[in-house]
Each structure stands twice: as structure tokens, then as C-alpha cells.
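Note that the chains are named A, B, C and D in the order they appear, and that numbering of residues resets to 1 at the start of each chain.
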Amino acid sequence: MSASIILETRGLCKTFGAVTAAKDLHVTIAPGEVVGVIGSNGAGKTTFINMVTGYLEPSSGEILFNGKSIVGTVPRAITRMGLARSFQVAQLFPELSVLDNLIIALAAAESPRPSFFRPLRTRAREARADAILEEFRLTAFRDARVTAVPQGARKLVDIAMALIGEPKMLLLDEPTSGVSVDEKNALMDTVMAAVRHHGTTVLFVEHDMDVVRRYVSRILAFYSGEIIADGTPDHVLADAKVRELVTGHAADGHSARKGASA
Amino acid sequence: MKTVSTHATTFARRLSAGVAALAITASALAAGTAQAAENGKFRLGIVTFLSGPAAGPFGVPSANAAKVVVDALNAGKLPAPYNTIGINGVEIEPVLIDEAGGATKQVEEFRNLVERQKVDAVVGYISSGDCLAIAPVAEELKTLTVFYDCGTSRLFVDNKNPQYVFRTGLDAAVDNIGAVRYLAATHPDVTRIAGIQQNYAWGQDSWNDFTQSLKQVMPKTQMVQEQFPKVFQGQYGAEISALSVARPQVVHSSFWGGDMEAFVLQANARGLLDDAIALLTCGESAIDRYKDQAPNGMIIGARGPFGAFAPENELNTWFKTTYSGAFTMAPTYPATKMAHAILGLKYAAEKAGAKPGSVPASDAIAKAFAGATFPSVSGTATMARANGHQNVQEIGYGEYVYDSKAEKGTLRNVKTFSGDCVTPPDGTTSDEWIKADFPGAKCN
Amino acid sequence: MRFDKTEIALLGVGVALAISGLLAPGWLIFLLTVALAKGLVVQGVVMQMRAGMVSFGQGLFYCVGGYAVGMGGQFLGVSSAVLLLVLGVAAAAVLAMVLGLLLTRYREIFFAMLSLAFSMILYGVLVKGQALGSTDGFNVHSWGLFSGPASNPTMTIFYLTLACAAVVAFFLHRYTRSGVGVVCEATRENEVRVEYLGLSPRWILYANYVVAAVVSALGGGLTALAAGHVDPEMAYWTTSGEFVFIAILGGTGSVFAPFLAALVFALVRTYAIELVPNGWQMILGITLLVIIVFLPKGLWSLFSRKKEGAHS
Amino acid sequence: MQSLFAVFIDGAIYASWLFLVAAGLTVIYGVMRILNMAHGSFYAIGAYSAASMIGWYFADGSGNAWVSFLLLIVCALAAGLVVGTIIERGLLRYMYGRDEILMVIITYALLLILEDVMKIVWGVSPYFAYQPYTALGRVSMMGLKMSTYDLMLIGVAIVVGGALYAWLERTTLGKILRAVIHDREVASAMGVNVAKMFTITFLVGATLGTLAGALTAPAISVVPGIGVEVIVLAFAVVVVGGLGSIEGAAAGALLVGLCRAAAVHYAPEFELFVIYGVMSLVLAVRPQGLFGRTLARKI
């Protein structure tokens, strides 16, 4: 296995009853790449992430992470192998404070078996959490309960928690969804700065083509469970099929929807 | 933690306030109860089921009987020798407690009765589990306690040397030894016996005593079917089918309350009781309720000379009239047993040698109670077992007959067996006594 | 080791109770003993509630602890209360380790019902067990702290229970702030996230289940020593329902809450039985509804309301 | 052979009864996500009202069995609607949206309260309402005498089950309810008056509970505590079948009923464990119950 591939999928398929959510997906990603994934809703982007991170078992096909097959491996083991993810809807502990959310992630990164007696919140962990809060410009929300924090900040906490384990690769599922237009770039700047700092490989799903263009070196375009284009942003976004099936209608529809909800 | 000093002071203040509050509450609770106790009356704790399935058939008739008897005693209206006021001339103040809730809770309530309510004696307890749990606590607190109904044979096996605990009801083994003797006397030829018992200690022990006695007295009989439905199940469709398929001649059951009534109704409706005779050890408690829904000839008992089996005497006539007058129905056996227990206590208290008009000490009452023979609504009771702490009396069985003109259930073919015929002597458990073929039994 | 405010308060309340033990009347001491012991069982329920699991079968471990005490005296001739309690705790731990493997696969109503089913199976076994007195149960043999019999069992068991309650409360207070304790809450909040942090929610719930079982069994053993009697009713579902009742009454806000709630419950019940012997269940039901409507976080929120306000 | 036949017929009768008891519980859970502990109280209230009604109807010693049977049903409907309305309008509607487990505890409090309320209304003495049960007589089948009334229960259970199924599957109201079952928020967004649907469901569920009690009353002695005894049984059936599923309740009732009848005939010593044994086994194999749906969380 070549050392220049971190993630590879071979012939990955997933069906839900009569619906095909992934059809024969072949993807290879090299360490350090920043890959954008585009596609309309229901194109199979989240299904792809869910399969790669062990939440869904593929109907057939193979997934290799650092050359090792991870099909059938539970999400926590995949996380521990260095493949982390964020979520379309931030997955946090809503009744706990932002600080506690981060401290739990810090403790989890240290050991898979927490202590029964020693306090989870230590000075050292608090200090590290504060540093992270600063890095992600979240210090203002430090002691607030997650439920009292705006969407954009929640997405950041979600991503920060994924990064705490210092993953080799990070899958971001629509990091800017639910975030207002003017906050999007700030959020992505913060995230990408943190990622570059760690040298992490990134794959992210994004609807906003401006955001995609700004950060990625490569784009995968999904349509109806298949990859219809794969290459540099210029190449993929110029592709006729992509223009017709992905960016054309979908982008318009998408921004209209965003406008309504914002 | 940053402003430790200020936090710590308010915290310390609150903590000490809390500790003080706790202490005040404790002493207030203690003081409140002391007051209740000093009113010069004979405080009598009465514990029986006021809620749950045992309330209707047992608890409420018992509580009613206690009320009738206590009111009449306070008014001095009972026939002799119980025509003195209250107990030893002191007015009785009853404290009624619900027996529901399990043994741990009953131990707690018993301690409350003694230490908070300052009762002078306790009469009560239907459930055997409660009796077993209460007995050592009663001994520890030196409180005179009369168990009026619970039947477990283990009561004085576990508590070998009772001082303050008495039982005026009979041992449950008596029910089933008596039942077997009745069967042998009236139906000597039956061979196919079946049983249906509630699946708990009472049912298991009853069936065990019954089958063991049967082996001795009627060795030709065989057990063709035994069923142990869950207690309070209420519906016995499958069990009745299983019993019917086995074609028994006699169906023995220690059911009580709603379960018993439901079983009789269903078994009768389905024809089981056309072919087999039912033998119900607690059957008397529903004698006024079966009407025409139970077959004539069904054998019923009252766990002793109580209820419809109580003999004619002046006390019983008074009790029946007064009870019927107050509650529009004749007293069933739990009612008679309660009256019987209270009279026993009064008898002993007044023989204790205390100055009339004063509450006798528990030790003195206990001393007088042990081995006493006292007249009662159930005839004459003798505290003749367990060092004089366990009553020995005769037991009666009879056949149910419905008098359709008077719309009333009555008894026929009543036979009684003397106490010494059905009660094991001291020093042997009922189980051993039965297996040894009743050594020393004196039957009439 | 450094002590925080709650721990110091714990010590204070413990000392206060120990002193009031010298002054209080016997019935109150007994009531306190049983309330503290039951409070321990409720701690087990609360621990699981913090992890989002409501057990309608905690009576299982209450009963195991109680029967271990009873049987240890009856069949093994053990007369040391401490040893008997250890026996109960060990038995509960072993049982919980086995049952936990299955039960931690379930959540919410299914967990509640399945835990109830297991408790009822034990109830059935004990009812069948005529050697153990079936539903009548049996009395606990006389015992002493390290060897029997104790000269003053009422006071001995009071101080033993108080000591156990204090030690467990101290441990549980630390536990709720420890890794496992906080991750339990995290699991309740969002199991998916816990998994994606590289932790096993099932392992966390399993560990918590076993610890809760141990704490509840200790409460059961102490109750058995205090009441002097055990019976299968301890495993009946209504007993477990009572523990959930007390847990809701107190709330999950503090280690004090279950003890306080158990005490309030016992006092309300004993006075209700005395004053309204025919309607005490209704009084309990109304109390529960009032608490749920007006103090959704339990009685404890009366004490912590100020702090809550400052937070939000 | 005879006992095998008996197992089937006893099992079917018991299953019918179980289904009648469990149906209301599962309907309420399906729509409202409330596991109603007070369902046992509805059962007991139905039994008490029916017993009072039958006692009144036969007070002069005469009466027609079929008329009394109709009276039972009318009485159950009336009791269910009255009690259901009081509880839903007076208490539960203020509690909607709370945690599922908390709702269990709220209904547990209701159970405690209703137990004593029944005691105040009806006292603790047993009620006997045997006339409909005995007047219908018995039939002999393969040498086994069965009560006609018991056999009729099978018919009633089939009718009630069929009616519920048709109601949910074939009527407009049923379709709306299924939409609520499927996704409450979406249904609400589409203009469904969820609160009204809840009231209707609760009344239907409560009435099913009182109906089960009323139909059982003639065969038993109605005493305090009968409600508490049936709750856990009904829970077990519903959990085995799959919470919220009518077909599940039927399948669960049949499974539990047959297993129990078989135990009574062939292994009486295991009767006590049958229900919990079946429940544990089914859940171990199918955690969501026989007809339960698993909901994968969307992330």
C-alpha cells in the first residue's frame, strides 16, 4: 500500500430498501489534501461520511484507512485510529457548558477508559480547553450551556471537539450549514487555520461554491449516489454534467432555502 | 472558589443553621409525641389491612369488629365477665393503622406505634410475613402484642421463648389437619384429590400440610392435579380446565378473598363443582356472598371456632347482634377473631393485678396472659402452646347450603375437632407431628 | 486530598445526625436508619437517571443485598454485619456484571421494562423458594458490628448506616465529577457524540450500572439489618416504583437529594398513614404530582435555586 | 389430546383478555408516547362501574343476560369517557412534551390517587356481578365444559382489534393519527391539531381500559387492587408485541396467552415465570418487540 494514500474506498455501495444511496464509489485521498464534496440534497454525501466513519455499514465494498480495512469497525475505534468527523447538525451535550463539552473531549482523547474517582475537570484540562476556546474564538461562550449558544458557535464547538483528538484526517459534514452568510468565511477561516496547524487531511461537504472554491484543492461531485466528477475545482465546476445536475439548480434552490431559514 | 473567604462564611452560616434546624425538628417531633401519650387512656394499636385485596374480606370486618367491641367496652355494655369499663377501668383509645406495604414498612409503623404513639398494646396482623417480622421487634420493645389472625407455623419456631408476643388465632396447620379429619369423617371413600393454591407462602404451606396429613389419615388418596396460580390473579380459566381434565373428586383450596370468590364462581359455572367437591379452608369468610353461585355441599371452614362456626353463648349472641346491627351483616370469621383477641387482652390485663383505673404494665399483662383460659365470643380459649402464648381451640368444618327462601347461606353437617386433636404439642413442629402420624392427639 | 463545600457540608450533616441520634426518640432513629438505607438504594436509581436510564427494577439489587444478609446469617452462620454487607455487595456486583451485558443494550422504556422483568423473575424465584419462607420471608439472625450479637442493635445499625451513607455520599459526590460520572451525563445527552469521541457508551453505562447495583445492594443489606426481616416483596415492582418515586422527589441535583427525599417520603407516609389511614396513597400521589409540576428538578431545587439563577 | 385442546382454547381466551387489557395501553403509547400506568385504574374503574350497574339491573332478581351484556358495554363507554376526559383535560394536557419516563411517573402518581378515589367511591367490599357470566351458560367441547361468556370474549377481542385496525388504516381520522404516530412535528406543521388528536386518542385508550374491566367484572370478584395486578401484565404484552402497535399487542397477547396455558397444563411450577420469561426472551432477540419499529437516529 502506497504511503501517499490516507483514505481509499473501493466499490462502496449502500442501499436502503429500494433507494440506492451509494453506488460503486471509488475514492482515494492523499495525506494533506483538502477535498470538497458537492452535490444536491440526497446525493449521498452524508451516507458516504457515515459509511467511512462506521455509523453505517456499506452494503458492499471496501474502505481502507492508512491501508487498513475499517469496514465493520465501530465509530469509536475509527476515531481512535485518527479519522474524526463533524456533523451536519452539531452533535454536542446540550445541557452541559461549552467548557465541559471540550473537557470531555480532552479526557476522551487521553484515555478510552475514564476514571471513577479522579475529577474530570483538572487545571491542566481547563487550561487546554481555554486555549482551544481562544483558538476558535469561543471564549465568550465558555460557561454558557450549549442550548444558549448560537448555531455558528455550536458548529465550531463540534469541529473543535473532533480536532481535539488530533486526527490524521477530518471529515466535515456541511460545516457552514445553518450559519449566516457573513459568518461562513470567518468560521471556515478559523477551522482551516486550526487544521493547517495540525497538518490534517480534510474532506468537507459544502453547498456554497464560493466557500468550496476558497479552500479546496480538489472536488468530488456527487449525484444520486454516484461520483460524477473528481478533480481540481476549475475542472469540476466547469464540467457540464456538474453544472446541470449539481451547481445549476441545486445552488439556486439551496441559497433560496438558506435565505428563508436565516 | 475564587472568593473563598466570603463564600465560606455564608456557607458556614448556612451549614450551622441547617444543623440547628435539624436538631430542633428532631426534638420537636420527640416532644409532640410525649404529649399524646400522657392522656391517661389505654392506647391500643390496631393493625389490619385497610387497603389492597385483603381489606374487603379480612381487614375491614376486623376493623369494624374492633370498633364495635372497643365502643361497647368503653360504655361498659358487654355481657359478663367483660362488663367493666374499657380495660381495667381505663377507657380504650384505639389507633388504627393500615397493614399494607410490606414487612419493612410494618416494622417501621410498629416502632412508630410504640415509641411515637406510645400505645400500651397492639392487636393485629393478618399477613404471616408481617407477624414474623414484628415478633422480634415486639420482644425488643417489650410491647404486649396479640396476633389475631396470621397463621404461620413458624411464628413460635423462630421465636422460641416468647415474652410479649401472643397469638389468639390458630396455627394454619390446624386448618388443614382439621380439613383432612373432616374429609375422613364425611367422605371416607374419596381417592382422587386435587388442589389449587395461591402461589405464595400461605398457599404452599397449606397444600403441604394438607397433603402430608392426607397421606397419614387417608392413605389411599392420590393427588391428581395441583395448581399454583399467582396470588390475586382473579381468572382461573386454564387452571379450571387443567383440574377438570384430571377428574378429581375433591378440590382443596386455601384461596381467600376475591380470588376464592372468583374461583368458586368460575369453577361452578364451568361444571367443575358438579363433579368435584370443593373444600375451602377459608370458605366461611364469604358465606353471605356466595348466594346461589356456590353448590350445596361445598365444604367450608373458618380457621377455628369463629364466624358462623362460633358456638352459641351469651358473648357471641351479643357480638352477632351488635355487629349485625351496625354493619347490616353477620360477623365473618376475621371479625370474630378480632373481637376474640381484644377480649383476651382485656381478660389478661384485668388479671394482671394492677390497681383498677390504671394501665397495667406490659410485664404484668404478659404474665397473666400466658397460659390463661378465657371466655370469648368463640367459646373458651386456652393459651396452651408455646409456653402459654399460643391459643388452642377446636376447629369446625361444615357444608355450605343456600337457603333460597331466606336468600342466605347456611351450614349443615358441622363437625368440630378438639384443639388437642389438631394441634401439635409443644416441642414438635407441625410438620414433624404430621409425619409422625399425630402422636398424642386426643380426638373426640 | 482537598475537600469542596459539599464534602464539608456532608461531614457537618453527618455529625449533626450522629449527635441527634443521641437525643432523638427510638422511632425517629429507626425511621432515619431506614430512610438513609433506602436513600442509598435511591442513589443507585439516581446514578442511572443521570445517565438517562430509569430502572424500574432497582428492587432487584435491594433484594439481593437484603437476602445476602439474611442468608449469610441463616446458612453460613455469619454474625458480622460488616461481612454480611460485603457479601451482599459482592453478590450484587456479580449479578450486575452478568445482567449489565444484556441490559446496557436497551434504552428508555425498554430498559425500564426489562429491568423490571428481571426483578420480577427474582421475585418469582423467591416466592417459589419454600426453604426461604416464600412470600413470608424470614428473619435476619442476630448480628453485631464485627461479631454478634450487638448489645444495642437499633443504635448500632443507625451509626453503621450513617457511616455507610456518609462514605458512599462522599464517593458518589466525587464520582459524579469523575470521568465516568460526567461521561454518563454526556451519554444521556448525546450517545452518538460520545461514540465519536472514541469512547464506548455501553462500557460507560455498564460500569455505571454495576456501581449503582453495588450501592443499592448496600442499602438493601442495611435495611435488612435494621428491619430484621427480608421477604420477596423487596424485589416486587412496586418497591422499585417507590425508589423511582423518591428519586424524582429529590431530583438529581446533589448527593444529598436522595437522602433528603427518602426522609421526607418516610415522614409524609408515616403521618399520612396515621392521620388518613384510608387515603395515604392518594396523599403520596398528590405529593408526587405537586413536586413534578412545581419543582420539576425535585426537592433539592429548593436549596439550589439561587445558584441556578446565577447561572442562567 | 384433550389437554392439548384445552391449552389452545384456554390460551385463546386468556389471550383475548390480555389483548383487551393491552389494546388501550398500546394505542395511547403509539400516538402520545405515554406509557400509561393509570391504565390499570381505568380497568378497575370499568370493572367497578359495571359491577354496580349489573347489581342495580338485577336488584329485583330478574333480568335478561343479553341486555346486561349491552349494559356492560354502555357502562364501560360512559366510565371511560368521563374518567378519560377528567384526566386528560384536567391534568395530562398540561404535561405534554415532557420526558417519556417522567410521563410514566406522572401516571404512576395518578394510579396511587385513583386507587384511593375508588376506595372512597366503592368501598373495599368485593362486588359480585356474576349474572351475565352464569346466565349465558356453558358449552361442552371435547368433554371440556367451557363458559359461553369466556368464549364470547374471543369474539369481542377480534371485533375490538378489527375495529381498531380499520379505524387506524381505513378512516381519515386514522390516517391523521398515523401521521402523528409517524412524526408529530411534521404532522403539526402540516396543520394537524395534535392536541385534539391526543384528546381523542386518550379517550379511546381509556375507554378500551374500562371496557376490558367491565367485560372482566362478571367473571371475577371486584376488589381493591385488581387494577395494579393487570398493569404489569399489560406492559409485558405490549412490550413483547412492540410498543404502540395494535398487531403487536395481538401477537404479544397470543404468545403470552398460549405459553401461559401450556405452562398451567404441563408445567404448573413455571407458570409464575412465563410472562417475564417470554418478555425477556423476546426482547433479547428483538429489542424493539415483535412488531416494534426501530428508529435510526439521523445525524
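Details
FYI, a contact is a pair of C-beta atoms (placed from the backbone, for glycine too) under 8 Å apart; a residue touches a chain by one contact, two chains touch by 3 or more.
As the structure is a prediction and not an experimental result, all values here were calculated from the model.
Traced through touching neighbours, the fewest hops from chain A to chain B number 2. Using the average of C-alpha coordinates as each chain's centre, A ends up farthest from chain C. The interface with the greater count of contacting C-beta pairs, when C-D is set against B-D, is B-D. Located most centrally within the structure is C, per distance between chain CA means and the overall CA mean. Averaged C-alpha coordinates give centres for chain B and chain C that are 33 Å from one another.
Centre-to-centre separation between chain B and chain D, using Cα means, comes to 35 Å. Rounded to whole angstrom, the centroid-to-centroid distance between chain A and chain D, based on C-alpha atoms, equals 49 Å. Residue positions 50-51, 199 of chain B are each in touch with at least two other chains. Shared interface positions of chain D, defined as residues touching 2 or more other chains, are 115-116, 119, 269, 272, 299.
Shared contact sites, meaning residues of chain A that touch two or more other chains, fall at 55, 87, 91. The touching residues of chain D, when paired with chain C in their complex, are 35, 91, 94-95, 100-102, 104-106, 108-113, 115-117, 119-120, 228, 232, 235-236, 239, 243, 269, 272-273, 276-277, 279-280, 283-284, 287-288, 297, 299. By the touch criterion given at the top, residues 53, 55, 74-77, 79-80, 84-85, 87, 91-96, 100, 103-105, 107-109, 111-121, 145, 148, 161-162, 165 of chain A touch chain C in their complex.
Against chain B, in their complex, chain D makes its touches with residues 2-3, 6-7, 9-11, 13-14, 17, 115-116, 119, 123-126, 128, 130, 133-134, 138, 144-147, 149-150, 216, 219-226, 229, 260-261, 264-265, 268-269, 271-272. For chain C in complex with chain D, the residues that touch the partner chain are 54, 102, 105-106, 108-110, 112-114, 116-118, 120-121, 124, 127-128, 192, 237-238, 241, 244-245, 248, 278-282, 284-286, 288-289, 292-293. Taken together, the chain C residues at the contact with chain B in this complex read 5, 8-9, 12-13, 15-17, 19-20, 23-28, 30-31, 34, 127-128, 130, 133-139, 153-154, 223, 227-229, 231, 233-234, 239, 266, 269-270, 273-274, 277-278, 280-281.
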